[in-house]
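What follows is a pair of complexes built around chain A, which joins chain B in one and chain C in the other.
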Partner chain A sequence: MDLRLYIAQRLSAIVMIPLVFGHIGVMIYAIQGGLSADEILSRTQGSIFWFLFYGLFVVAVSVHGAIGLRTIISEVLKLREIFLDLIMWSFGLVSIFLGARAVSAVTWI
Partner chain B sequence: MATETDKMIVKVWRGEKNSGAYETFSVPKKENQTVLDVVTWIQQNLDPNLSYRFACRVGMCGSCAMMVNNTPRWTCRTHVKKVLRGDMLEIAPLRNLPPIKDLVVDMDPFFDKWVAAGGHHAPSASRYDQMPQIQSTEPERAEANKAIECINCAVCYAACDTVTHNENYLGPAALQRAWTLVNDQKVKDRGAILDTISAKGGCHNCHSQGSCTLHCPNGLDPMRSIAGLKAESIKRSLKGN
Partner chain C sequence: MMKGYRNHPLWYAYLLHRVSGLVLVLFLPFHFYVLSLALTKPDKLNGFLHWTEIPVVKFAEFGLVFLLAVHLLGGLRLLVLELLPWSANQKAMAAVATAGAFLISGTFLLNAV
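On to the complex of A and B.
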């Protein structure tokens, strides 16, 4: 890992800290008295706040996870740099795509 | 209390390069005995072909480090009583370095990385210039002092799992040395050292597991030095130097 990736991973971790607590806090709050799809969607659909909250979360997780996966694969499988970068970018972009799809599905009206 | 007639079972790694096996010896226990004494006793009494490396026998030269019961240690400063498991002792060459023969490893990769991390003195002035006056109380000097007593024994290098899994990683000793130079006003281009240790294999590969600090026989804290390098390299990067 070089300095660029190190900084990107640390910054994404800093972004995730409050978002993880917010996510867990809302989960605990939301499941009180049962939980239904309608209840969730009524809260999230059309909400710019939840769009930005989970949109940012998806970007941070994708960056953090992709770099972490690159490090793990590098140490375990000892692949060449070009393959490591290919895996990192593929994983990161697929994560962002799937995450963005999920976020837009629950926040778009 | 051990008597002269008591024996211990000592398994010693024998072999060349990557092929070899443990050979078992029966060695008399003594009241006061280091692991190096045990290895020496085997060579002098049982097998003169046993190869191992030592020099000072008092923890100053850093040449007798070996794996003792899977832990990297200075054998000259390790009392047998402290590490004996039942009556068993297992002695092997240092981890993470290529074995040459028996308990001797090739230290070249370790010292090559020391140089690769910028671990040589590049002076800021010639012999004709005034030497900078550095007070021992200055924060930078105090920081360097904490890391300066390394004797290159490679115990931290053998203890580091990141070195095991990443052959490009410079390792704790070389990075700690770089940290002393980053804090040395007499070094010409301290930014260049930060650039060197920020490249591939540099300090950012460290996972902060702390095996280096745990096992350093000199009580140094390479993990802290590496954390210092990480912080300073980020500051340099943000400043755009």
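On to the complex of A and C.
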């Protein structure tokens, strides 16, 4: 694997350590009494903190997931570099787009 | 027949990290899509969230939380091995990662049911 991809993979992982612990905490808290759209929105809507928390999370997880997917596919399928890069960039950009839409859906007023 | 190197705890730690990462990455776009329904189709989101009350779905959620937690802790193990000058107790770290993930996802399940 390219050294830059290796570094991006490790940096995105380090960024996500506190985010994943926080996300697990949120899930355990939020699941109590069941989930509804109102319950989610009442916690998240208009919150700059959750906007930044999950905004950063979306960027980091998109980078991390795209590179991880590239690594797995390269080891299993032995595709040419150009196709691996195409898959990585496609997944990463689609993930950032969908993630940004999700974060804005639950935090924007 | 099982290859020799596969019959080793750290091979299972590698397998668990890879499988959890793959499942999580495939789950992610779906997760984002469902959350964005809050903006576009709130009724559809509530219909979907209602569906999550089914016990088997709760168990699947437990599985996802377990995979997230085990990927987190397994990743911490890798970062420790790569970035810190430690090399002893590798098997213990793999075991701690798995046990910790069960603890975290078990807490989730107890709160979910």
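Everything below uses one rule, namely that the second predicted complex is superposed on the first by the 108 of 109 C-alpha atoms of A that agree within 3 Å, B and C clash if a C-alpha of one lies under 4 Å from a C-alpha of the other, contacts with A are read in each partner's own complex, and residues count from 1 in each chain.
We adopt the following convention: a contact is a pair of C-beta atoms (placed from the backbone, for glycine too) under 8 Å apart; a residue touches a chain by one contact, two chains touch by 3 or more.
Remember, predicted model here, so these are calculated numbers, not experimental data.
Peer 1: Overlaying on chain A: chain B and chain C, fit or clash?
Peer 2: Once chain A is superposed (C-alpha atoms), there is room for both chain B and chain C without a clash.
Peer 1: Go through the superposed model and pick first if A:74 touches only chain B, second if only chain C, both, or neither.
Peer 2: first
Peer 1: Mind working out whether A:106 is in touch with chain B, chain C, both or neither, as first, second, both or neither?
Peer 2: So A:106 only meets chain C here.
Peer 1: What is the contact status of A:11 with respect to chain B (first) and chain C (second): first, second, both, or neither?
Peer 2: Neither partner.
Peer 1: Please work out whether A:26 is in contact with chain B alone, chain C alone, both, or neither, and reply first, second, both or neither.
Peer 2: Neither partner.
Peer 1: Look at A:86 in the shared chain and tell me whether it touches chain B only, chain C only, both, or neither; answer first, second, both or neither.
Peer 2: After superposing on A, A:86 lies clear of both chain B and chain C.
Peer 1: Let me test your reading of the model: by the given contact rule, A:52 touches which partner, first (chain B), second (chain C), both or neither?
Peer 2: neither
Peer 1: Specify the partner with more touching residues on chain A, choosing between chain B and chain C.
Peer 2: Counting residues of chain A touched by each partner, the higher count goes to C.
Peer 1: Just checking: does A:41 make contact with chain B only, chain C only, both, or neither of them? Give me first, second, both or neither.
Peer 2: second
Peer 1: Students often get this wrong, so check: with C-alpha centres, what angle lies at chain A between chain B and chain C, to the nearest 10 degrees?
Peer 2: Seen from the centre of chain A, the opening angle is 60 degrees.
Peer 1: For the superposed arrangement, tell me the lowest C-alpha distance between chain B and chain C in Å.
Peer 2: 5
Peer 1: Could you tell me which stretches of chain A are touched by chain B in one complex and by chain C in the other?
Peer 2: 10
Peer 1: Okay, in this complex, where on chain A does chain C touch?
Peer 2: Those in contact with chain C are residues 10, 13-14, 16-17, 20-21, 23-24, 27-28, 31-32, 34-37, 40-41, 58, 61, 65, 68-69, 72, 91, 94-95, 98-99, 101-106, 108.
Peer 1: List the residues on chain B that touch chain A in their complex, please.
Peer 2: 162, 165-167, 198-200, 202, 204-205, 230, 233-234, 237
Peer 1: Would you mind writing out the residues of chain A in touch with chain B in their complex?
Peer 2: Residue positions touching the partner: 1-3, 5-7, 10, 71, 74-76, 78.
Peer 1: Flag every residue of chain C that touches chain A in the complex, lowest number first.
Peer 2: 18, 21-22, 24-25, 28-29, 31-33, 35-40, 42, 45-46, 49, 52-53, 61, 65, 68-69, 72, 75-76, 79, 82, 104, 107-108, 111-112
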